[in-house]
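Common to both upcoming complexes is subunit A, partnered first by subunit B, then by subunit C.
Take a look at the complex of A and B:
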């Protein structure tokens, strides 16, 4: 297990290295306005060249790449130019990340708890009331674009319960709707998958044997079926959780929450190259970490998956 | 056999299923007495209702099936009246345990073998911790698993099919049941291992004082292990008797047909015998003897009135009008006659 984890960790690092390099090289193709901020038009060609040279952007690519990794290892993500001029990217993120993580964590916990419970009760009452109600909910959430029900919630539900239409740090009740809206999708997808895999598992022979053994339905669910139903979800569960806590573009802009969600769109629109580079770096790392954790989780849950050759294995 | 105690008595059991709005009668007024300590084999072709019949003893019918009428008396209680899970928990494992057909999928792939046997030990023997583990290792040893201490920590995928069936048997035995129902225990297993598994079951029967019901369509298996044979056709036991009686002195035309289709009884150079037609459609009400439409020598009354049991001997009875004193003499096929002669010669 340890050997596998280390091997897999090494693979993740290699992938991350490749992704970062590609991102870095792509960023070099971006229009150069992104390095100047306001007043780009007023500069003449010589002045522009001087600035670019002073930023190290006229060095050979290999040197630029080396410098990029050197400063990355020191934790330096570069300095924002347009979004908040002359402020280090790390500092911008420091103010944004806590919001996203707080909202994301709350939404994640709610969607996991409610989604899994809904999925289990749907599987248990297959084709009866709960199942039909749940299926209706899942179909609704998947069929209606998120932006539509997000807006609906923001406009009408705030009215009904007399809640604030925008997020305000000093008012705790202004948390409720953003978190609830963010959870809706998660609840639906976790419920759908858990139900699906549990129904699959409930028809398996080992469930019949467990029943014949004299186990109660509840213990069969908890001790046998649930873990089996989790295995196929294990792979992508960490990724989906990580993306939840990394911020939602829609929700954060709707409720004007100063989180990470809208930042990437903003940075791209305003062509703040160093900020874009740092954000892409962060999101791709999250993706790679999610896959890594998914693999580890899957191996922990299912003894049949070893992914390494054992001595004398069949 | 008749001296020992009846531990399970089924009377006129009717089991129905609802399939897409249509009602199917799977078990048609079937009766059976099971004696303590015996091995009873229930034989019959696929769909005859063998599995469904025994599943009713443990409340394991699928959700769309129900007991329509009749009784299943066990220990002075009528199991046919049981409705809730709490009722059945008293029976499952403790009184009846089951060995399933499919060893490859009967075990939970994510739990160790030891863990799965231990569940039964904890549930039915009330042992905990080290004691439970010791009991598990003893049972694993009993079912012929080598190095049980090491195997205890292994997962099902590390076992072969035959070995997994041994584990399934270990789980059943660990429940300390009175009656063990083996639903085609060797069908999915390599022929070379089948005999071993049957021998194992025989040994366990002695060691744990089990009454065993074998469900099978393999008459070769039956001959090896059963004390009595019940022949099932279209949801009813049409003939029941000791192993010798049913093999050598069968009376029901279906039993004749079944025996005639054994390759061992075929005549060299001639094509193997096969029963013509298909079993009746259980969605329809069956009139008379269910086998009559496939029976070339059927009597007129076979199509009109369902035959009751006629006793051939105190241990042997069959549901066929041929045993009625008024019936015309119908000759059984040549191979069956040969068997009868052989038997009389022996006796």
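Take a look at the complex of A and C:
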């Protein structure tokens, strides 16, 4: 197990290195305006070249790449140029990340609790009313683009319950709608997964044996079936936990929450290259680390899984 | 007690059951014959779901109507700006009436015509993306699963591409290239084929070493024939599902890209553009129709494709044909 973990860790680092290099090279394709603040037009070509050279952008690519990794290892993410001039990227992130994590965590907990209970009740009333209602909900949420129903929730639910239309740090009730909208998608996917798994699993021998032994339906569901159903989900939990950092673009812009959601888009549109680079770096590492942690968590939860054997199957 | 039971049982057995039966040619034929046909059964299972049939009819009529709508009489141009006869101003935010069925938008264009034109654009994007995803995904997935020398290379490429968040790729590509329908299709294909390829690869790994393939290989069947005749027919249902789901997904991505300001130019109506325009005026209750109508059209399309895709995938799976 330890040997495998170390090997996987090493592999993840290699993948992370490749992804970062690809992103770094992609960023070199972006327009050069992104390295100047205001007043790009006022500079003549020689001045621009001088600035670019002083920033090290005229060095050969290999040296640029080496410098990039050197400063990255020191924990230096670079300095924003246009978004908030001369402010270190880490500083910007420090003010924004807490908002996204708070909203994301709240939404994740709600969607786990509601999603799993919806899934269970759907599986237990298969092809009856609750199941059909739940399926309708899942189809709607999966098929209709999130932007559309988010808009309608913001428009009409605020009216009905007389809630604030925008987020305000001092008003706790302004949390309700953003968190509720954010959890809708999660509820649907967890419920769909749990239902499908339970319906498959209920025909298996160990469930029949448990029934024959005279166990109560509820304890079969919770102690046996649910525990098994949870294992494949465990693989995605660390990723979704980590992805709360990135925030939700829609929700944060609709309710004007000062989180991470729109930051990448903003940075791209204002061509703030160092900021874009830092953000892409963070998001890619989240994906890789999440996958790694997910595999580890899955093995810990279910001793039957040995990753060593089916390594190629992933 | 035991004795009496045995007596009764032996009483019940008829002697005729133990006689030799004559061999009947025609009866033997009867059991061996099956009128099973793959597509026939698929259609039959599909038709059993009433909701799916309902959505199929809805989708067909939507498709037919969007294609013929510009040629119908009394249709307006989706990009023409209408002028109010009395004031000589643009006919802004005209509420729905007999002249403008869905009203006009904030610069005086007919919303009814724009919705159908937008539906055409969005469907075009959806179909192209679904089509390309399927082609690239199947080719890469089949090679990935079947040709062992390529396995580690493609796995590493997959890991790298899969770990860059989809949003980032979409945003970067649409940003680097000029906004147009083909840019958008290209950006979505860049990320979309990964899932398809991985799926095809996993399926092919499961079935590539089954006995019938082993037999085929021993008999010297060429690889292309094994892939096309032995392996891919197994995947018809999932491929259809993926293609059907790629359409709502592509429409959703288009809405997303438009939302963050990297969508199609305003001169090309698309459902994403229309929803976004509607969002701009949604705080005025009397103008909400500009958001509601495109949203309804969009939801109808995405929901029909989603439902039809899912039911069809179930129906195309031979295990459900019994």
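Quick note on the criterion: the second predicted complex is superposed on the first by the 302 of 314 C-alpha atoms of A that agree within 3 Å, B and C clash if a C-alpha of one lies under 4 Å from a C-alpha of the other, contacts with A are read in each partner's own complex, and residues count from 1 in each chain.
Note that in this section a contact is a pair of C-beta atoms (placed from the backbone, for glycine too) under 8 Å apart; a residue touches a chain by one contact, two chains touch by 3 or more.
Quick caveat: nothing in here was measured; it's all calculated off a predicted structure.
In the superposition on chain A, A:94 contacts neither subunit B nor subunit C. Touched residues of subunit A were counted for both subunit B and subunit C, and C has more of them. In the overlay built on the shared chain, the residue A:145 is in contact with subunit C alone; subunit B does not reach it. In the superposition on chain A, contact of A:231 is made with subunit B only, not with subunit C. Judged by the touch definition given at the top, the superposed model places A:283 against subunit C, while subunit B stays out of reach.
In the overlay built on the shared chain, the residue A:58 is in contact with neither subunit B nor subunit C. Of the two partner chains, subunit B is the only one that A:209 touches; subunit C does not reach it. By the touch criterion defined above, A:22 reaches subunit C but does not reach subunit B. Of the two partner chains, subunit B is the only one touched by A:301; subunit C is not.
Across the two superposed structures, the residue set of subunit A contacted by subunit B and also by subunit C is empty.
Listed in rising order, the residues of subunit A touching subunit B in the complex are 204-206, 208-217, 223-224, 227-228, 231, 301-304. If you check the complex, the residues on subunit B that touch subunit A are 58, 60, 85, 89, 92-94, 97-98, 100, 102, 105-111, 119-120, 123-124, 155, 157, 168, 171-172, 175.
Contacts from subunit C toward subunit A in the complex involve residues 151, 155-156, 159-160, 162-165, 167-168, 171-172, 175-176, 202, 205, 248, 251-252, 255-256, 259-262, 275, 279, 282, 288, 291, 295, 298-299, 302-303, 305-307, 310.
By the touch rule above, subunit A contacts subunit C in their complex via residues 15-16, 18-19, 22-23, 26, 29-30, 139-140, 142-148, 151-152, 155, 246, 249-250, 262, 264-265, 268-269, 280, 283-284, 287-288, 291, 312-313.
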